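Shared between the two complexes below is chain A, which has chain B as its partner in the first and chain C in the second.
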Partner chain A sequence: MVQNLFYGGFVALTLGAGLYVAIGQNLIRSAFALFFTLCGVAGLYVLLAGDFIAMIQLMVYAGGIAVLLAFGAMLTHKVDDPQHSNLLVNGFLSFISGTAFFSLLFYVLTESSWRVKAEALSEPTTKEIGKLLLKEYVLPFEVVSFLLLVAMIGAVYLVQKGENQTQKGDRP
Partner chain B sequence: MLIQTMTSLGIPELIAQLIYALLVAFLCVNFIAVYAGVISVVERRVAAKMQSRVGPNRVGPQGSLQWLADGIKLILKEDLIPDGADHFLFKLAPFLMAMGVAGTFAVIPWGPANSAASDMNVGILYLISITSLVVIASLMAGWASNNKWSLIGGMRSAAMIVSYEIPVALGLLPAILIAGSLNMGDLVSAQGWAPWDWIAFNNPFALLGFLLFVTGSVAESNRTPFDLTEAESELVAGYATEYSGFRFAVYTLAEFANTWVVGAVCAAVFLGAGQLPPLLEGSIPLSVAVFVGKTMFMVFVLMWFRWTLPRFRIDQMMEFSWKYMLPLSLVAFLGQAVYFLWTWESEVARIMVSHLMVLVFLGLFFYFLSRTMVNFKHQAVAVNSYKTEIDYLERMGILKPVEAVVVAEEEEGKE
Partner chain C sequence: MTLTNLLAISTALFALGTVMFLTRKNSIALLMGIELLMNAAALNFVAFSYYSPSLNHPLDGQVFALFIIMVAVAEAVVALGIAIAVYKEYAHVDADQLTELQG
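Right after this comes the complex of A and B.
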């Protein structure tokens, strides 16, 4: 019963905040609402007995991505002005992309076999995750880390290039 | 234990757990409030001692009730919200700030192993991730205040916490490798009572991780020398500039409660927590006392940092994190792994290294003590009583006592 109560609370947090992200007029408030959506998702992971993934969700998404997005939103032009809010994106394009994404998610939802009830909440998952990552999925793991390294070096290169240009431009 | 008694009385287990959680949360929040109040007075007294002044000494014996006066004053103040502020976010930010700090108390042990409120399997990871929620609170406060100083303070705080979180998390990794678990109880029970059984002195890389953790935590809890977010001379009070009354008090409480969190994590993960020698094992009060003693020592070290080091510049601070602490934390992590492989077979090598570490540390400590002993000798006269440095000089015969006192007595006698 209590678990259902928590489930309801986390779902309400996720969906409510997510809805605000989508239809909110104020860009900054939307960015902060995204933070609560991500926290709610972390709570749902906890109820699914995925303790490690829940903590990573909190740390990476709520503590990192949401902050980055808030930074990004603050840097946008005329951030408080509803005239320039996110409602003015091309409706047709957003309809197509939204429908496509939803159908993809719906497909995953119906096709995969979900564990209906978490067997034991306190069963540790870290050991299993470690074994899987370093034994069975070691090649994908390395490929992903290599990709991330490439992306990071690329980002540093791009930033450095931009800095050099602005310095040259600043000189009279 | 409490849960078992409740279930035996016929209460369903989940509801019993909920009641237990609420009880613990109530206790922890009250502990935060009282601890933060008391430690604010203690910090001011320590600061005064370090700067040869008196400090708060009027409210209660030796100023010990000053925090009650401060609290009453803050609660009675008017709750101002600036005109152009985003009211909802402005009110929400202090809640998030308090949540981020109070949430950590779920996994902090209080002495013996398994004494944390929640014996979470991923306790230390939870601790790192829940403290990172403070970022969004400071950013929110900075933005919602509609004030340049607040915004810059919030931005600085977010940038600082995000960049110092990485060395902090990586600095904890050697300890996690040694204990082989993310559970707080396992981390505690992996250590013994003696210094050479502590994780901090296990090997040089663990000590490096410990130092990185302490430094990064000071930055994360926004204390000097890293208090760029509320640098008075530049930003008034950073993201808390526009806050007043109780909302401001929440920020201060969170900051002071953070010192306990940092100290307790240092004590639990690196300094042997409340582990007792075999003879005294099983005595819970003694274990708690040892743990609290270690924690308070770390809190004192944080105060020491605060009142002896000057503030960094913002570019120095970011450089320090990314150019020095991040590579060093990677060295600590990789070095710990290599050290493990190197001493995998020989228990003797590990014991020798840890004992050698303690010896070197003790040597350094006594060297430091011998260099600073002269200061203790000069402190023969208590600075914190009503006397001043001049009084000390008078006693040494360097200055003559002021004669005005004698004149005043004579005048009284005439009347």
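Right after this comes the complex of A and C.
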């Protein structure tokens, strides 16, 4: 009962904020609505027995990426004027194609019979995920850590490169 | 709270991300659409891991969702770095006007 109540709340939060992200006109408001969407998905993870992944979702997505995107939205020229900064193009066609896409996938997933076994137990998963990451998935884990290092260096390089050029350009 | 229900939610998130990706010109808005798509995929993994866990590895879906989050972080960081570099060069981040290589 309580679980269903929380489930409905998280679903409403996710889909409502997601709808606002998708069709809202103001980019800053979209960024904050995205924050609430990510929090709703984290709540769904908690209900699906993924405590560790819900915390990672909250820290990395809601704490990191949403703030980063809100910062990126400030780069938009005249962000308070959607007609100028965040125009919807092909709105009608995209709405039709999005609805058709959703209807097709919804039809497929309601018609197919998924094999549902016993539901997983809601017990702490951090220890088991740590074991999996350092035993069976140790190679993908290391590759991802290398990817993160490359992404960090690449981002610093990209940003700094522009600064050097403008400094050179400024010099007489 | 059933598997079909959760898959429908994930599908709705995916469709919203697709619509956002199709309708926007601003590259930051395109990034937000990609984040919605990634979240839909990760939600699918966790839902399947909960409702039909494999016998010996019940947590594999969550590990895959973790990898999706890590890759999404790398993608967001590099994309925002590119957006800042583009902004310094052109003073806008409008994806439709970046046509210098169009010939």
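Heads up, the rule we're going with is that the second predicted complex is superposed on the first by the 135 of 172 C-alpha atoms of A that agree within 3 Å, B and C clash if a C-alpha of one lies under 4 Å from a C-alpha of the other, contacts with A are read in each partner's own complex, and residues count from 1 in each chain.
Going forward, a residue touches a chain if its C-beta (ideal position, glycine included) is under 8 Å from a C-beta of that chain, and two chains touch if they have at least 3 such contacts.
What you see is a predicted model; the values in this text were computed from it and never measured.
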Touching partner for A:126 - first (chain B), second (chain C), both, neither: first
Partner chain(s) touched by A:3 [first = chain B, second = chain C, both, neither]: both
Partner touching more residues of chain A, whether chain B or chain C: C
Contacts of A:13 with chain B and chain C, given as first, second, both or neither: neither
Chain B versus chain C as contact partner of A:55, first or second or both or neither: first
Contacts of A:63 with chain B and chain C, given as first, second, both or neither: first
Partner chain(s) touched by A:44 [first = chain B, second = chain C, both, neither]: second
Common ground on chain A, meaning residues reached by chain C in one complex and by chain B in the other: 3, 52, 56, 64, 71, 125
Interface residues, chain B side, partner chain A - complex: 12, 14-15, 17-18, 86, 88-89, 120-122, 125-126, 128-130, 132-133, 135-136, 139-140, 143, 155, 158, 162, 165, 182
Residue numbers on chain A that touch chain C, as the complex places them: 3-4, 7, 11, 14-15, 18-19, 21-23, 27, 30-31, 34, 37-38, 41, 44-45, 47-50, 52-53, 56-57, 60-61, 64-65, 68-69, 71-73, 75-77, 85-91, 94-95, 97-99, 101-102, 105-106, 109-110, 114-120, 125, 128-129, 132-133, 136-137, 140, 144, 147-148, 150-152, 154-159, 161-163, 165-166
Residues of chain C that touch chain A when the two form their complex: 1, 3-4, 6-9, 11-20, 22-26, 28-29, 31-33, 35-36, 39, 42-43, 46-47, 49-53, 57-60, 62-63, 65-67, 69-78, 80-85, 87-89, 91-93
In the complex with chain B, residue positions of chain A that touch it: 1-3, 26, 28-29, 32, 35, 39, 51-52, 55-56, 58-59, 62-64, 66-67, 70-71, 74, 122, 124-126
